[in-house]
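Below: the structure, in structure tokens.
Going by the order they are written in, the chains are A, B, C and D; count residues from 1 in each one.
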């Protein structure tokens, strides 16, 4: 039964990768990264059980905790970028 | 699964060459650094592929268990440290690129060369 | 005894339902027409799929350290995944990415 | 079946790598890089390398993306299309890959228990770790004890890289001081949702980092992973509360103390072994009971690694972020 769930998650990963490759905007790619991160957490937790070593859930826990830092960094990057554009537009 | 016996190594080779190709054909310095990190990841993949033993499990001993096959811990030690060293050296490279951008106003290799020639 | 008999089919149903939701989310993220609808499809199903799949595995794990860890993973995912969606939508909006509004009906002049 | 999952993930990995190379927008390329890292972590886990996967997770999810974005903010995010030696590069890469693929035919198949790599020292490490070191995680035992010299060297490479970044990025600003609005330095403070969730999660991330640090003898973990995790937590704090608030929590002087203190702690443990009549980095002589001595030595050495890695990664982050506000 774990196999069915694993296959479902792997197919979703492939779909997310398609979205990342197609774009068209960069935000679609960030969305794909975020989806991929969630799916990785699920995949790692299921594979830990498939292997019969549930003590390796630490990995999925690490991803669950820090995976959204990348998206927050994107928000900060875009915010700084637009602020810079605006201040440059005001200068001349 | 016999046909996939060498698949990991082939993927390693293709990834390695993707990295090399990026470094050779691109002029953007950050792109070159990303290419180098792909190259590095390919090497990680080679080492980790070599640690797998059929029917094995990760080399963290299970108390009380007998007849458990463990995968090879040695490549894991080498790669574990290499990943952190990799990010540290990558950021050193990025710092150099930032300084180049401040000095030349560009991070394209051919434009830097042109400015040097003048 | 009865509970154990019940546990396996329950976790099967949860796992399959969860992977179905995850898959639907993936298809939605691929097929929807613009960024905001794609994000809507992906982030909503992400949450439900995560709950269902992790609940399915928790039923298998039972009351143990693994079960507690899975519960922690679930709680943290429920906190971080909507936050990431918020940050992403905000970044896109800040950058001036406009949602595609419904096109005027061609029959309608 | 799991082999097939691995093959599938490897195919996705290759597609991602090619997409990274073809992508002209560097911002998108960085995003694809973080997908690449997620796939690498999953593959490492499938190939039985839990410790390595945890390291890749800790470094790839938080720190790497943030650093690359920081560098992009300081330079440019678009790559110029240049036709240069492209055909020749393709030919060289294709020829070399055919050559190496030809060489792989002689390699042992994946998972072959009779492969030379599994015959030599690996069985010795697996058999001797419970007797000599007495901890379950063989990876940590080799990392900190059997091959302690290696790790000391790696730690000093990281130390040197951190010092190098400090030299490169903290010189006196050549350009005029900040022309950005001061709101820029405040991070994401006016975004309520990330702020609340972030403030809630920072202590958990740091706590989990400490767990990984001190549980590394028994499960996947150790100084390298813990350093990257704690650094990710502090980076999160810096993102939501702004640079200056983060520097109040962990000031620059403390960062420098962490960087050098960790490396010195490692050296000091090695020298303590020498003083007590053993070899350099021989922990068995630290206490009267050799196994307890190994425990103490590994704990201290991993602590040193954790301190230095946290310090270096955080210093690098601050160096990039401070540059951004100045330029």
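The definition used in the following text is that contacts are C-beta pairs under 8 Å (C-beta built on N, C-alpha and C of every residue); 3 or more make two chains touch, one makes a residue touch a chain.
On a predicted model such as this, the values are computed, not experimentally measured, just so you know.
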Self-check item: Interface with more contacting C-beta pairs, comparing A-B to B-D
Solution: B-D
Quiz item: Measuring from the mean C-alpha position of subunit A to the mean C-alpha position of subunit D, what distance in angstrom results?
Solution: 19
Self-check item: Separation of subunit B from subunit D, taking each centre as the mean of its C-alpha atoms, in whole Å
Solution: 12
Quiz item: Distance-wise, how many Å sit between the C-alpha centres of subunit B and subunit C, to the nearest whole number?
Solution: 32
Self-check item: Two or more partner chains touched - positions in subunit B
Solution: 57-58, 60
Exercise. Name the residues of subunit D that each touch 2 or more other chains.
Key: 50, 72, 188, 191, 194, 198, 201, 204, 219-220
Quiz item: For subunit C, what residues touch not just one other chain but two or more?
Solution: 76, 80, 83, 87, 90
Self-check item: Inter-chain touch pairs (all)
Solution: A-B, A-C, A-D, B-D, C-D
Practice problem: Using the touch rule from the top, collect the residues of subunit B that touch subunit D in their complex. | Solution: 1-2, 4-11, 13-22, 24-28, 30-31, 34-35, 37-38, 41, 44-45, 48-63, 69-85, 87-92, 94-99, 101-102, 106-108, 110
Exercise. Note which residues of subunit D are touching subunit B in the complex, please.
Key: 3-4, 6-7, 10, 13-14, 17-18, 20-21, 26, 29-30, 33, 36, 40, 43-44, 47-52, 55-56, 59, 63-64, 67-68, 70-72, 74-76, 79-80, 82, 84-86, 88-90, 92-94, 96-97, 100-101, 104-105, 107, 109-113, 115, 117-118, 121-122, 125-126, 129-130, 136-139, 142-143, 147, 150-151, 154, 157-158, 161-162, 164-165, 168-169, 174-175, 218-220, 222, 224, 227-228, 309, 312-313, 316, 319-320, 323, 327
Practice problem: Can you check the complex and tell me which residues of subunit A touch subunit B? | Solution: 51-53, 55-56
Self-check item: subunit D partner contacts - residues on subunit C that touch it in the complex
Solution: 76, 79-80, 82-83, 86-87, 90
Quiz prompt | Of all residues in subunit A, those that touch subunit D in their complex | solution = 3, 6, 10, 13-14, 17, 20-21, 23, 26, 29-30, 32-33, 36-37, 40, 43-44, 47, 50, 53, 55-56, 58-59, 61-63, 65-67, 69-70, 72-77, 79-81, 83-84, 87, 91
